[in-house]
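Chain naming follows the written order as A, B, C and D, and within any one chain the residues start at number 1.
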Amino acid sequence: MMHTTIEGKKQQEKETVRIEAFSDGIFCVAITLLAIEIGIEANKNETNEGLMHSLLGKWPICLAYVISFINVLLAWIGHHGLFRNLRNTNTAVMVSNGFLLMLVALVPFPTKTLGLFLQTGAFKAAVIFYTGYFVLISIAFRLLWYAAARKKDLLVHGITPAQIRSINKTENIGLLCNSIIMLAAFIHPWAALILSFIMWVYWILLG
Amino acid sequence: MMHTTIEGKKQQEKETVRIEAFSDGIFCVAITLLAIEIGIEANKNETNEGLMHSLLGKWPICLAYVISFINVLLAWIGHHGLFRNLRNTNTAVMVSNGFLLMLVALVPFPTKTLGLFLQTGAFKAAVIFYTGYFVLISIAFRLLWYAAARKKDLLVHGITPAQIRSINKTENIGLLCNSIIMLAAFIHPWAALILSFIMWVYWILLG
Amino acid sequence: MMHTTIEGKKQQEKETVRIEAFSDGIFCVAITLLAIEIGIEANKNETNEGLMHSLLGKWPICLAYVISFINVLLAWIGHHGLFRNLRNTNTAVMVSNGFLLMLVALVPFPTKTLGLFLQTGAFKAAVIFYTGYFVLISIAFRLLWYAAARKKDLLVHGITPAQIRSINKTENIGLLCNSIIMLAAFIHPWAALILSFIMWVYWILLG
Amino acid sequence: MMHTTIEGKKQQEKETVRIEAFSDGIFCVAITLLAIEIGIEANKNETNEGLMHSLLGKWPICLAYVISFINVLLAWIGHHGLFRNLRNTNTAVMVSNGFLLMLVALVPFPTKTLGLFLQTGAFKAAVIFYTGYFVLISIAFRLLWYAAARKKDLLVHGITPAQIRSINKTENIGLLCNSIIMLAAFIHPWAALILSFIMWVYWILLG
């Protein structure tokens, strides 16, 4: 009987490990695929000055790449921090994690949109779409933690109610910050991008 | 002699682990590559309203992405559940697993087809192609389990005939469901997509 | 002193594991990227019959995909079998493994070429390029095994001279088969593709 | 208390493992994605001679691919060698490692630029951009090692000041070499590419 329990427990630990590895893989491929859109058109008659000028003209798509790379990297760190508290999964965790991964894998889409329309009359719409997309990602994180924290037996042994409340707070602040950034995009798109930058610095220094 | 056996056994266990890791990698890259087709064309004179309109017009390709993401994620979970019962591989398992991975890596092709022709006169043909492709994937799963279950020494110790019959049943139901969905596509394409959705809910809640 | 030796040995084992994992990753991404070229052009006025016809017309690129998927999968199995005999690496192994991975990562290029020109007047040139590319891959495998087998301390303990000769033979046969297939392509391109198929069946059943 | 320390230590070791695995994944996907730009345009009326000629005409993009593959592979080996000395991370290591990975994932961009403009009047500008990009990568490596070496408790036990100075030296030489290569590009682009080649041979034989 005890043997069965140990076997079962081992199986479950392996389960979490594999889901984490699969999630890591999706984060990793998604973050690398962000870059493949960035390129220069061939031009047989290009000059040195012309190419330098073309390269400098790529700053909007490069800026969008940098913003998304940082966002996805922070999301990966957050995902990792969240799963560190889990020792088991259930259907609700699997589904909410799947929803999160589906959004992460699609980040290249809002990134391209932001880069392509940064210097057009559609800048505001592009930033609203981009920041709104990361509100969705925050909601997916919130759902994932909600699904995990509801069941005591999914969490690692020795976690205290204070620690759970602390993670609750972190997820709520993340959702709140992303919502404020999206609202700022309605006032002025650059305000939203600068607020994102401030949030990262805060997140990195205090996270 | 006994040492050799233990060595041999360890080698074989490592074998299964590496095939699983490789399969996981293909699932992971394939599921992330689904997203790279989704994008908006650059337009220097775009307005905020125009971009919002263009983004909303992307719903067919996004719907195809969501459907395929869920299908590949469920296939990954199914692959994982199947390999949990294996402790060893042989040529037949390697070949049928290779056939399955070849199909999984090509899922972006039917996905793009579905997304591109959802609003055209070729909607029915696109859905028949898409759903027929997942019938093929079900057949590959069925073959993989057939190859594995034939040989007692490929399966983990302590597996009961009842457990084997249960997995047989799961694979048969999967093939049957996907076949019914494909037949439904001949009647009406939306019927097939709605049946897919019902099957997922059933699969997630009871799987 | 003994402690240092054990430490050093562990470090070296870890080294091989990480190189294998990195190589596996490149095989895995390369094999999945083979698929991303396959797609159908959007056509707002497409009919069901027209789409079915277009999909059937994709058989050359799908055939090229299947051929390359099998080739890369067999190369992965071969790579795995070769590294199973190594317990350590040196510069020559690293460089020849790097050369092999560089070729594997570029397989999508000859694959696309084969698929695009299968039904054109350049079919023969495409098959010569494709089969010649896999001769290069065989040479890289031969070099890798040559670099490994030269140094006794790179190989696992207990490997016999007979086993080493057996792997030598396998690598030589692989190079010979791929060279014959390439020569066959000069006579008739289909002869080369059919010979490839025969070699796979032989390889899978006897490998 | 001691138990907590061991637990904490284990947690931190796992932390480094996961960051290394994630970094490896990004190196692996980035190095494989280098290849997807290389292809030949479809041409229904192509002849065997015409295709051979087109394939030979692809040498600039293939050369750029080979150069970048070697550069990224050496960067991966360097990254691996650096992390072997770490047993723990902090915010500064995470941020500088993230900066390095962001640059690595974007290597396909300078690679494409080099390949596309090798035979145009913009060759010099393309090589300056390419070599300058790898100066940036050297700076990222230097920052990563600076962040790691500042804190004694991030490094593995038993590392000597002489070993730390040796790694300092390696990183400084890397940055110096890449800077010299970039300066050479201002004199003549081929001088820079030949210097790169000499540096690799030195690096591989002495590294």
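In the analysis below, a contact is a pair of C-beta atoms (placed from the backbone, for glycine too) under 8 Å apart; a residue touches a chain by one contact, two chains touch by 3 or more.
As the structure is a prediction and not an experimental result, all values here were calculated from the model.
Common neighbours of chain A and chain B under the contact definition above are absent.
Of all chains, the one whose mean C-alpha position sits at the greatest distance from that of chain D is B. One simple way to say how far apart two chains are is to compare their mean CA positions; for chain B and chain D this gives 35 Å. Distance from the chain C centre to the chain D centre is 25 Å, each centre being the mean of its Cα atoms. Within chain B, residues 25, 29, 33, 36 each touch two or more of the remaining chains.
Viewed as a contact network, the protein chains form a single closed ring in which every chain touches exactly two others. Shown are all chain pairs that touch, namely A-B, A-D, B-C, C-D. Residues 11, 18, 21-22, 25-26, 29-30, 33, 36-37, 91, 94-95, 98, 101-102, 105-106, 108-109, 112-113, 116-117, 120-126, 129 of chain B are the ones that touch chain C when the two sit in their complex.
Within the complex formed with chain D, the residues of chain A that make contact are 24-25, 27-29, 31-36, 38-40, 42-52, 55, 65-66, 69-70, 73, 76-77, 80, 84, 204-205, 207.
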